[in-house]
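What follows is a pair of complexes built around chain A, which joins chain B in one and chain C in the other.
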Partner chain A sequence: MHIPDGYLSPQTYIPLMGVFVAATAIAVKKVRKDVSARNIPYLGMAAAFSFIIMMFNLPIPGGTTGHAVGSAVIAILLGPWAAMVAVSVALIIQALIFGDGGITAIGANCFNMAVFMPFVAYYTFKLFGARPAAKSRVFIAAFVSGYLSLVMTAVLTAVEFGIQPMIASAPDGKALYCPYDLSIAIPAMAIEHLVLFGIVEGVITAMIVRYFLKNESGLIYAFGKGGKND
Partner chain B sequence: MKSKIPTYLQESEAFQPDIQGMRRSRFSFLDKTIMNSARTVKAVYLQAENATKDNFIHHIHPKVKFISLIYIAVIISLVSNLTAQLLITAFIMLLFLLAQLNIIQVYRKIFFLAFIFGFLVVLPASVNLISPGKIILNLITFNRPYNFWIYHIPQNIGFTHEGLQVVCMMFLRVLNSISFAMFIVFTTSFPAFIKSFKLIGVPDTFLMVISLAYKYIFILSRTIEETYLALKSRLTGNVKNSNLRKIISGRIFFIFKRSISSYENTYYAMVSRGYTGNVKLGLSAAFTAKDFIALVVIIVFGLGILLI
Partner chain C sequence: MLSVKEGKMTKFQKKLLFILLGLCIITPIGIFIPMFFDAGDAWGEWSAETVKDLIGYTPAGLEKYSDVWNAPIPDYTMNVDDTSVVHQSGYYIVSGIVGASLTYVVMLLISKLIVRDEE
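On to the complex of A and B.
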């Protein structure tokens, strides 16, 4: 899901960087209002937690293992705005220190996984109207929010890849950036996320949320005030 | 007689090894995930924090390195000439040598990442299904071409000259951008580098969040190692997958609780030092002549590459 350098043309990564910067500015304001002076250490903690959560591999029923992107579970636990800041900081550190995701693609990666995905996940979870007492419903809601948000993010990423041959090709038609057009990028990304990675994300999201629900449901943001910093 | 043993000692172990279970996973699975990840994080942290060698490249102003990173990353993304990309590769390798870094160790990781993201992912683009052109090596010949929905499968499938050029270009782009980013990371202190983000208008608040997150990550990765060792010492044999999932979910829960505790401690420590919610990062040192020279060299090199 992390887009490396070289796949996106400047016509794509510059606008996405702009959208990400604007969205993050709003997110910082929203979270600051919600958690007052504590916002900086709180967001730092949230970012570190979202980074760490991406490190955990879980065995998935069926014999495989996988790790979550984490945006869905972070959005449910911390709220979508805090998740936006937390996941984007985690992605920036990943790109700069670990080489996961490109430098020019930071805006695109953050837009996909830190802006788009947490909101899809959070509002999908809220759509189920899950309450702490209804444990099965919470589990299903968390699974669907993880699954759906990842699949939709994968399709969004595929669109970003797929438009490259249309907007940035050499005069002789040779691809300058991602060589796969929409007819290849969308099925390739959608199928693997529909049948594998989406399920991994869904299961991991559901299991972590279930564990929090069982042990300290008060820590789950999505249950508090119906999303106080929406 | 009433038992005087505390209740928590009377409870059965939550994660009993499952000897009878058919579907088991080896507990060493966790070794490969949690411990390795924690070790990687620690190793990178140490390498990045040790970026204070007595070498002129390490002493170049972080702002110059930040500008160079953005500038070179954009140049790499704009250049679509293989010779120019190869020159960038050579230039970056030269920088690694000048910085006296362990080039073999660093490039092992760089090539691994570049191989996956810059080669394997784009390899299918080398055939005429994706990149039409003159076939230089035929792979499969069908009786006739096929049409399936919106897809056209030609009679001959093989590597094309254009396709191989695309693969080489993508590989070099990914290799160059990762290697230059690594070069900057290994020659700059991360907190000092983060301050340079102010050049593009990133607010101090956001930079402070990144700096704190960076520190927390390494503290938490150490916590992961410790909790894992504590857990491992209490378990024997194989563990069922379902129990392993509970264990890992529990670890994540524990990390979350530990994160909250760290955040509260940090917050109170900041308040005791006069923090009121406003962040203003200190000014960094002024540019020296060496910094200007380094910046000019990078800019001239980039422009030269664009002219090729």
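On to the complex of A and C.
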């Protein structure tokens, strides 16, 4: 899901970079207001976790690979704004140091996996209205949150890929950037995430939320605790 | 590097750090399993050469931008040409530890700049 350099036209990556920068400015204010200093180690670990979990490539047999992102569990535990900052740091380091995801596509990749995904995940989880005591409901809510948010992020990424032939083609009709249109990109990205990668994101999200519920339930942001005033 | 601020960490937080370190060490799973199932690149993350094989030409924009950045540790390996699976696993683990530690430290620094508690 890390869009490389050369797949998106400037008409796509520049606006997405703008949206990402604007979202970051809001995130800084929100995190300052929401996050207690004693939770700083969790922010560091959340970013590191996102970095590592994306290294676990999983195969569609005979086909492509993909991976979980970790944005869903971080959004539930630390809040969507903190997740945004943490996952952005991981993505930017992946791009700069490891060439995973393009430099020109940093805004797009951060918008997809660090802005869109944690917010979808967080509000999906909240929609279940699960209280900490209802453990199996929390587990299911966390699974659906991880599953749905990754699948939707994959579709968003596919849309960014798939609109390229429409907005930027050479006079002879050849593609300039991503050569595949929406009718190819969306099914390809959606199916692999629906059948495998989304499930993995869901299971990871549910297991880690359950682990925190048992060991550090006061932290869980989605339950309205863990802020500065608790 | 992982021990920054360790003095202030709770037992639970230290335990989580060890779990993260453990995850770094088992990252080569992310190489082995795809290899076993004969799975290749992620969708949309092909090199310019692979795209040429797929559609018969290299899109001009892809050609122009694909080499815009030379990452110091491209593809989480220190030697792309090394065919030894054991060596590649080692490179992958080192990349994981370097990358995760760097991410951790950068995020801690950013968090400290952002979060200013009145303590």
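One rule holds in what follows: the second predicted complex is superposed on the first by the 193 of 230 C-alpha atoms of A that agree within 3 Å, B and C clash if a C-alpha of one lies under 4 Å from a C-alpha of the other, contacts with A are read in each partner's own complex, and residues count from 1 in each chain.
Here, a residue touches a chain if its C-beta (ideal position, glycine included) is under 8 Å from a C-beta of that chain, and two chains touch if they have at least 3 such contacts.
Please read these numbers as outputs of a predicted model, since none were measured by experiment.
With both structures placed on the common chain, the touch criterion links A:183 to chain B but leaves chain C unconnected. In the superposition on chain A, no contact is made by A:84 with either chain B or chain C. In the superposed model, A:42 lies in contact with both chain B and chain C.
In the superposition on chain A, contact of A:207 is made with chain B only, not with chain C.
When the two complexes are overlaid on their common chain A, residue A:28 makes contact with chain B and with chain C alike.
Contacts of A:96 after superposition on the shared chain: both chain B and chain C are touched. Applying the stated contact rule after C-alpha superposition, one finds that A:1 touches chain C and leaves chain B untouched.
Overlap of the chain B and chain C interfaces on chain A: residues 4-7, 9, 28, 32, 36-37, 40-49, 51-53, 55-59, 61, 65, 67, 85-86, 89-90, 93, 95-100, 102-104, 170, 174-176, 179-180, 215-216. Within the complex formed with chain A, the chain B residues making contact are 25, 29, 32-34, 37-38, 40-41, 44, 48, 69-70, 73-74, 76-78, 80, 109-110, 113, 117-118, 122, 125, 130-132, 150-151, 162-163, 165-166, 169-170, 173-174, 177-178, 181-182, 184-185, 190, 193, 203, 205-206, 208-217, 219-221, 224, 241, 244-246, 248-253, 255-257, 259-260, 262-264, 266-267, 270-271, 275-277, 279. For chain A in complex with chain B, the residues that touch the partner chain are 4-10, 13, 24-25, 28, 32, 36-49, 51-53, 55-59, 61, 65, 67, 77, 85-86, 89-90, 92-93, 95-100, 102-104, 170, 172-176, 179-180, 183-184, 207-208, 210-212, 215-216, 219. Every residue of chain A that touches chain C in the complex is listed here, in rising order: 1-7, 9, 28, 31-32, 35-37, 40-53, 55-67, 85-86, 89-90, 93-100, 102-104, 157-158, 161, 168, 170, 174-180, 185, 188-189, 192, 215-216, 228. Every residue of chain C that touches chain A in the complex is listed here, in rising order: 4-5, 8-9, 12-13, 16-17, 20, 23-24, 27, 29-31, 33-34, 36-45, 48, 51, 54-55, 57, 59-76, 92, 95-96, 98-108, 110-112, 114-117, 119.
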